[in-house]
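Some structures to go through are shown next.
In the two complexes that follow, chain A is the common piece, with chain B as its partner first and chain C second.
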Partner chain A sequence: MSKRHSLHPGSSSNTAAPPKPPVHLSSSLTIADSTLLAGTHTISLHGETVIHPRARIESHLGRVSVGRKCIVHERAVLGAAPVSSSSAAAAVVRRGGGGDGASGGDGAPAGVTLADYVTVEVAAVIEAGETVVGEGTVVGVGSRVGAGAVIGKHCTLTPHSEIAAGEVVPDSTVVYANGMRRTDKRGVAELKNKTMARQIDMLRRMIPSNPAKFA
Partner chain B sequence: MAALTPYTFIQCPCSDSSTLGRPSDANPAANATNDDDEEADEDNRTFDPRAPRSNFSLYPLEYLLYCEDCHQIRCPRCVSEEIASYYCPSCLFEVPSSNLKSEGNRCTRNCFQCPICIGPLAVTSVETKPDPSLLAAPDNAAAPHSGPYALTCSYCHWTSTEAGLKFDRPNNIHAQLTKLRNGGLTRLTARERRERRKDPAYRAHLAAAAAVAVAAASEDVDDVEERGRGPGIEEKESLDVETQFANLKSFYQAQLANPNSSDTGLTGLGDLGFSSPTSLSRIMSIYTGGSLRDKKAKSRVGAMREALDADEGFQPARLDESAAIAALQAHGFDGTSSTAQLAEQPVNIGEPAFPHGQAHFASDLRPVPHLLRTKRSKRCPVCRHIISKPEAKVQTTRFRIRLVAGSYIPSIAIRPLALSPIPNTSSSFSSTSAPIPTSTSASASGPAIPGALLEPLRPAHFVLTFKNPIFESVKITLGAPAHTPGRFSSKVTVLCPEFQIDANTDVWDEALKEGLATTGGGAASGERDPRERRRRRGGTEDGSQSGINPTTQLEVGKIWERGRNWVSIVVEVVPPSLSTLPSGGGDSGLPLQEDEDVLEIPLFVRVEWEAEMGGDEVGSVMPGVGGSKEKGEGREKRELAYWCVLGLGRIRR
Partner chain C sequence: MSSRRAPRGEYIETDTGNKVARKATLVGTQNIMLGGKTVIQPEVMIRGDLIRTAQAPSQAAAGAAPNNTAVSIGRYCFLSRGCCLRPPGRPYKGAFTFMPLRIGDHVFVGASTVVQAATIGSHVHIGSKVVVGEFAIIKDYVRILDGTIVPPHMVIPSFSIVAGQPARLIGEVPEGGIDAFELRDLYKTVGNNPHPAPV
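== the complex of A and B ==
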């Protein structure tokens, strides 16, 4: 996508007139005008979540569900097409295809499920295919989470981390330095949630929300 | 296969084995005589860029310095360095060298690195830890900051509490850390320890402290060790390395001073100085086989006993490693510390669990104070003149003196030359058998795109642009072997081995001159694109391009083009076929080695110029310095000669 297009994703999508995906938006959601929602399956965005401008949420391959008090930053992509389709398919088969996501199921396969307090930072990509990101996890700048990966609670993916398709990352894991793993022993989950709530308060004042555009 | 950017490496003359140790009169120019053909005959030695030794003597021009007094290139191998200042790379604080001796080579100003990932550590309150992702929330500033504090890494989320390290105050962490053992125990100085041993309440205190250690430390190493040790307090006492050394030292000193084993000639080992005559005779006796050794000393040694308890520095070896094995089983390989992490660790003298500073588990790793760095000045090893000197202030990156070779010796730029038009490749192929560098071989094709593969057995042409940085016009003489050394020998022809480059005069003077069209090659903008310049020049000189097209003209002995302070010449190479089939050659059956397909040609460059005789040129009086000098009236002839290696490209396999 060229830069010019990405600056005005709304207009380009309007002119091309693709069908709007069915959405389930919370009333307390903050979603920027230039966010791009695309796809055919349901996109549910839950309460007090903040979607930054130019974030992209695609539900071509399955439902996308974002929990409460999540922050999805600029140019982050939820539900991207898997890079290697075979591994994604394998992941789906392995996990039995059960929709363990949040509410709003329309019988379709779950694409991406973010639990509460998840931060998806700038230009991070989460592939579709029953990918689950646990509560309080931070997906760092430019990271890529493969299709079918299951990331536990309070994990940290440092910038440009890669999680392979179908991988299971235990709770409180820090993925750093080209795939090194360690366990976060700070035990500051509560504190992080509090600071995140404060951050969301601030962002809600700063980002003009336009949920009506996507409804 | 990665494309190869053409490169030029220069061999520092110091690596010339015939002149090792005497770089001053080691000017290869002295050996190299007037003609390069003669030179080749005389030395009978062509520099081989592929020789293993060459790896250590070839440098890009940017790496080289130049001694103005010896008139010689100086490489990183042949300068002597002096430390100008020590500083912390994190806080940029200059550490006086006196502090260095007392406090070691690490920053003592709260600069710490993460032992896991080397990220910088920040002091945070353990209770109200600000989240790194939080962008200056107003509430956070109001949050109470109270102890205890810990060092945390914002990248990998390591925290010093993992090693049981908490600090009471947010400042002066370094001093607090040196007093803290892993698990939060206080480390005592030797005197404190001695005093405390007299304290009757010590027994109870020690037990309590051990309990704290067990509780605080996440691993059960201490636990097992505490249990493993005997009930007696003397056995239970474990010394850190410092105390143990101090105890041992005082014990042996006492032993030596013991009157019944005393020797009139020898004082305690601790006072042993190499300047005293007795020590000298002792050392002599060691080397001369004991003829000087007196029997008294032998008997004295026999009278010494060994340390018996902790007070005397005795520590039983801990052979019980079950705790380490259990921890290994619990945490696995990931829980152990890596060699790199251990190397980063400062010697940790506080831990009884690993008395030699070796933490076996990642959970034992301590914050790493930043290692200090140095600013260095460089001296010519021959004349001791400073050739590079940084500014003393740590914050500035400027240099007071920096004599880089690039401002003294010509730079060589390489550009592939595409000859247009290419009439027929077959004729060029036929010319490979005897690549006579006449204008007929101009029909050969060369890789027009930089980095393109060179076709085997097909002549390729490269334009070498020599740019003169000095304010005198220089005469360049080039010498290249007709066949490159190595298994796959290329044929090399330098079309113009001798030429003159004009001085690097003032750019604006030249620009004005060019405006008057007095000089053909002048241009205001230095050398931008030589091709463009040539076109422009052709236009001004002939008024039209009706003359011979210079792009198809290759003539022996003619320079390709010239500019204000540069000259371009053409080199023709015929790359060999890289076929490794055993075609009769002895070692040609070996597979192709790494980078053996790179076409490298050794080139001997001799630069001659006349320079003003400086009044302070003491070196010029000495014979042999800087090559031959003929003193004229205020002018002297200088010359500089060196080998360089031109990497032209890869040959197609």
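== the complex of A and C ==
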């Protein structure tokens, strides 16, 4: 009985696995074994962040930086290629005009930056192109954040929300029901962060972490 | 001789009649209960690893073995390609815990749907690209149309039809519309040697 060779790339030693992206992983990071990291630019994941299985982080277009105490759920994609060329152009325009210092130190042309306490829900997509998501923001299930969009602090994007490329969303905005907007005036940001810290505490015990695989 | 071996089917068929696609992602399989005759299509993801950490006080007092079931699914359920089942989570007594996700019999879950409900009854049809929010409770004979977003903690009564973002009640299942929820025929149309669908 000869051993059956798997068709999956990287699972057998004689197939050339794609090169691993350079990573900068915190020691307190929780990253599941089946997370996919791909690309050529640096991926930095900061302390106490939790990455669920089957999340995808791509740095083909630029550096991806995830802040502290973030949760990236399964099947979420950070740094996806923009769907339309106009969105990429919007990102370029914004970068030429602003240049707000969000880009990484390695001269990243078009990456993704998540601040602290960001939740990226199941199957949400954040396109690459100097996209910034502010502190405490929740990107809902299956949402799509266009290239170059800048989302403020403590925003809530409800499931299947779409943020256009290059759009700037002010702090505490709630995007709901096919693009309606309102401002969250509850002022529960502190409480939300506290709850999230507890959730992370538990997820760290629950999800087997294997940062060594990606280093 | 190994070349004579029958090609491996797309599905793994268990003794109890479950048909689980090889390309489905089941995390924490020991915490997933399948009632039998359930179809799990490729690219489905079930998060069985998100188990309950805080035990109910009655159980803790009795010293019973902790019940770790994260997702329980009844008979004749159909999980379409790309859907995702995950248990809902919430803070409980100062700590965060996940709660089990219970699904009844004859439940259809459409493609690319994400379910984080607490309970789904029997004979429920959930369309494609639906999001069922955390701790939603869906009773029996409910139809959820495509693209619906069921907000967290919503309770959907029996025999309702819901749609919209967020979900609203838009109608009722008619008197004779109950047979449409039956999934026995659909079960036979998938698997390693499927039967054609009845006309």
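Here is the rule we go by: the second predicted complex is superposed on the first by the 190 of 215 C-alpha atoms of A that agree within 3 Å, B and C clash if a C-alpha of one lies under 4 Å from a C-alpha of the other, contacts with A are read in each partner's own complex, and residues count from 1 in each chain.
What we mean here is this: contacts are C-beta pairs under 8 Å (C-beta built on N, C-alpha and C of every residue); 3 or more make two chains touch, one makes a residue touch a chain.
A quick note: this is a predicted structure, and the numbers were derived from the prediction, not measured.
When the two structures are aligned on the shared chain, A:123 is found in touch with chain C, with no touch to chain B. Judged by the touch definition given at the top, the superposed model places A:158 against both chain B and chain C.
By the document's definition of touching, of the two partners only chain C reaches A:53; chain B does not. Contacts of A:199 after superposition on the shared chain: both chain B and chain C are touched.
Once chain A of one complex is fitted onto chain A of the other, the partner contacts of A:177 extend to both chain B and chain C.
Residue overlap on chain A between the chain B contacts of one complex and the chain C contacts of the other covers 158, 176-177, 195, 198-199, 202. Contacts from chain B toward chain A in the complex involve residues 116-117, 128-131, 133-135, 137, 139-140, 152, 155-159, 161-162, 334, 362.
By the touch criterion stated above, chain A contacts chain C in their complex at residues 1-2, 34, 53-54, 74-75, 122-123, 140-142, 158-160, 176-178, 195, 198-199, 201-202, 205-207. By the touch rule above, chain C contacts chain A in their complex via residues 2, 25, 27, 45, 47, 49-51, 53, 84, 86, 89, 91, 94-97, 112, 114, 129, 131, 133, 147, 149, 165-166. Remark: chain A residues 119, 138, 156, 158, 174, 176-177, 180-182, 184-186, 188, 191-192, 195-196, 198-199, 202 touch chain B in the complex.
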